[in-house]
Amino acid sequence: MKRLAFFVSVLVTFGMAASAAPVTIKYAFWGNPDAIGVEKDIIDAFEATNPDIKVTPVAVAYNDYHAKLLIMIAGGQAPDVMRVDSYFFQDFMKNKALKDITGLIKTNKFDISKLYSVGLQDVQSGGKFYGLPWGTAPLYMFLNKKMFADAGIPLPANNWTYEDLVALSKKLAKGEGENQQWGFGFYLGEINGMLPFVWGAGGDLFDKTRTKFTMNDKAVTDRLDDVLIANVKNNAFTSPFTFQKADDIMRYFSQNKVAMMMGSAATILSLQKIDGCDFAVAPFPGTAKVPAVTVYKSNIVGLSAGTKQEKAAWKFLAYLRGPEGEELYMKAKRMAPTYDDQRYWDLYADTTKPPAKVKEITQEISGKYGRILPLRAGWMEVQTIVMGALQKVVAGQATSAQALTEIAPKVQAVIK
Amino acid sequence: MKSTSNMNRLGLPAGILTYGILWSTAFIMLAPLFWSVMTALKPNAEVFQAPYLINPDTLSLRSFADVFRQAPFFLYFLNTLKITLACTLGVAATSALAGYAFARLQFPGRDILFMIYLTTMMIPRQVTLVPMFMLMKQFGLIDNHLSLILPGIFSAFGTFLLRQFFLTVPADYDEAAKIDGCGVFRRFTLIMLPFAKATLATLVLLTFMAVWNDFLYPMVFLNSETERTLTMGLAIFRGDADVQWNILMAAVVISNIPILIAFLATQRFVINGVSMSGGIKG
Amino acid sequence: MAAPVIPYSRSIKRKETSMKLSSKARDAIAGYLFIMPNMIGFLLFLAFPVVASLFISAAEWNLITEPIFVGINNFIALFQDSYFWQCLRNTAYFSLFSVLLGIVTSLFLAVLLNNPRVGFSGFLKSAIFLPVIFSTVSVALIWQWILDTHIGMLNHLLGYIRLGPFPWLTDPHWSMPSVIIVGVWRQIGYNMVIFLAALQGVPQDLYEAADIDGARPLHKFWNVTWPMISPSTFFVLVTSIINSFQVFDITTVLTNGGPANSTNTIIMMVYQYAFQNFKMGYASAAAYMLFAIILVITAFQNIVSKRWVHT
């Protein structure tokens, strides 16, 4: 008995000593200074309740983030917890850079029941979880209420179509030079700005198995010509060559020169900072046949496959994406809620500022009008090739059919 | 003595043209820098308006305060200063030694080694990023300023510069010292180095500028905020979508003020030094 | 008399020879010692990574899993890649025009400033040199704002004289010229200062002799100035070309390679393939191609320099 007690007490002492030494984990993420501040707050809160774990943040600007992440991984210094953009995620999963946390989720009873479905889909492969969703959000169509009111046109219903968009744009576009107004503003940045039009035409970037490039189908290229050439010519849509960046269009939107534009949850925050900017959000216009064309995507936070601090890293991940972390993100209004939970929406949405009913619209989008991107490995490379081709179209160097057919073999080679 | 005031001024047509071109060029060089400072002084609301609307009533240093509030720029400044000084002194020392050796000392394979060393100047840095990272990781120097300093104290350009310079120093000095029984190291430090002062100063200044403005290596090798340099701090302000021009310009100004002050204090020196670096034959 | 001298001179000779030999050896040892820090650095931080990159370019590597050896496949694919050729064309276009424009304008400014009768020359020199001390990223950010089609200062100023607004960065025909102008803007001061020193090194008597022969200014420039400053011109030419071929920051910040790939450069392609497309091997191969091209151009310039560089 005495020996057992002694043995047990020795074990306990060792155990306590082992857990007393703080474990350090690295957490990599991107952001501008405000966003980095939010992450630091979350880290501080976590460390307060978990004194045995120390979190070292590795923060880089978004433009350089995945480069740094890959260099760290290649050099054997992968961060224990890392955020990955969905565009890169498929490649990370395919090459097994992230840990399968299905077991951890089950064992620790991490509640995934209220996660928006798109978030759940984006983090899984073959039924296994490789991360938890972060920044789940749809793209919205933004409507300038003042311009609609001035033109005496009512805001469109949520089930509006592409034809409605074109008609409204033509009506709202007018003027010249300093006083010029456009109906719909867009820019050729990421491919998800174009996909709603592709989907509306009944096509897609890839086929169902995501191994064949299908964007050069006739229906799609006709639609793209309409968007990129015809409607730009009559100034109903802005020319991507006069407005090259998102904030150009956003600025003109806030100055009541562009009536409709696309944007994300971050755009809502930016517009709210501008006084007197009254706007509404809506789903993307589909077509009668294909009503659901609003892009919906989610980024991921996961554990590195080779992490040596699995327990501590999981604890932090669970905190980061669980109720504690989510609340802190909502309070800072850093991003839209990843969970379908009124509590978070109340924290996030500022009901004193536009848009009205942001939660209802978002839910309607996620339920009825949302569509997830056909993500797959090689997404970034495909995007670069396709957007290069579309820019040729806008530059008047080719029609959509010509440009996309020309690059089709190249894309095929990437996704084979 | 006859008054030479007339001779010291340019004639009218030549003068107008010459001064016109020179001053417009100076204006073109300075104006963008001036405008960026003006943008940094604007409040949020005005940034999106046309650039010429500089409202004296609303000029504010708010953006600068925001930059310091959002990121510890003074810490970045200290880090950058430390790395830059270490690299600069190192480059001066190693380049002088190697430059003298390549110029004045005979040893087998000297010229071939020099040629090979020179070609390394043409290698794009992106090529060597990943192997360098793995090397630094082996040394345990990731997130340590030494990962920037150690590779930074050698410079093929610096060696080239000093070698070309030492070639122009008459060989007699060296020979005379040799005959007097002077050892190599004493020849180097007591006789050759003093000649090289101006070129060394140039190298110091050019290296300072290059290391101060380096972004790629700090981005790759440093992780923690406490180790960050000014260029990394600036990069984070670029953001992806919502560009706040006034804050961004404030960050640009803040990142460059130290080197600007250093330049203004030593401009004559810098310019004379740079002019020497290119006037070397062969 | 001869007897006492001979042993003396013989002993001196022996001393001298022994001094010469050991001094030569000492020189050689010192030589190696002196270059040792540089050579260690060279081996470790240049030779090793460069050779490693060569191996990487012979492989397919996504940076996450192990590299797969593929021999020269990357290079073969590179030759057939129209994107590579376009990036190369853009890079060459940028280099050619920015170097030419840079040299002509900086030489012109140096000639103007070299006149001792020009006042304020110290201030003018510093002012024109100032852009050089800023980082390329800072310069590009400032110009991104100035050249903005809508809120940019340039279009606004041109609006006063009823010109524009011009799509400096958003039209594929304007984008590369705009990028070139920004690149030149940054470098003019540096080249000008080098030319100034070279100009000041031209012996005055050469000009006086030319004057006596009744030479006109342009003649004087071609026959006296140009040959005398040719070593500096050569230096500026070589370093400018090497640097301009590696352009990255300016094109990334100003236009991000667009519009329609008009400003995509080789280094940008290397970066994209290495860190976005998960093809580090291909990126390494492209970087090596760039290195080879720069090497060839520099070697060519070296050979041709015997013709026009006056030493």
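Details
Each chain gets a letter, A, B and C, in the order it is written, and its residues are counted from 1.
Here is the rule we go by: contacts are C-beta pairs under 8 Å (C-beta built on N, C-alpha and C of every residue); 3 or more make two chains touch, one makes a residue touch a chain.
Keep in mind it's a predicted model, so treat the numbers as computed, not measured.
By the count of C-beta pairs in contact, the leading chain pair is B-C. Note: the chain lying farthest from chain C is A, by mean C-alpha position. One simple way to say how far apart two chains are is to compare their mean CA positions; for chain B and chain C this gives 15 Å.
Chain A and chain C have Cα centroids lying 41 Å from one another. For chain A, the set of residues touching two or more other chains reads 71, 74, 251.
Shared interface positions of chain C, i.e. residues touching 2 or more other chains, are given as 63, 151, 271, 274, 280.
Of all residues in chain B, those that touch two or more other chains are 48, 129-130, 235, 238.
By the touch criterion given at the top, residues 23-24, 26-32, 34-35, 37-39, 41-42, 44-50, 52-53, 56, 63, 109, 112-113, 115-119, 122-138, 141-143, 145-146, 151-153, 156, 185, 188-190, 193-198, 200-201, 231-232, 235-236, 242, 246, 248-249, 253, 267, 270-271, 274, 280, 283-284, 287-288, 290-291, 294-295, 298, 311 of chain C touch chain B in their complex. Interface residues of chain C facing chain A in the complex, by the touch rule stated above, are 61-65, 83, 148-151, 167, 169-172, 258-261, 271-272, 274-280.
Against chain B, the residues of chain A that register as touching in their complex are 26, 31-34, 36-37, 56-64, 68, 71-72, 74-77, 245-247, 250-251, 254-255, 264, 266-267, 270, 273-275. Contacts from chain A toward chain C in the complex involve residues 66-67, 70-71, 73-74, 88, 91-92, 95-97, 188, 240-244, 248, 251-252, 377-378, 380-381, 384-385, 388, 391-392, 394-395, 397, 410, 414.
Only residues 7-10, 18-19, 21-23, 25-26, 28-30, 32-33, 35-36, 39, 48-52, 93-95, 97-98, 100-102, 105-108, 110, 113, 117, 119-124, 126-132, 135, 150-151, 153-154, 156, 159, 178, 183-185, 188, 209, 212-213, 215, 231, 234-235, 238, 245, 248-249, 252, 255-256, 259-260, 263-264, 267-268, 270-272, 274-282 of chain B touch chain C when the two sit together in their complex.
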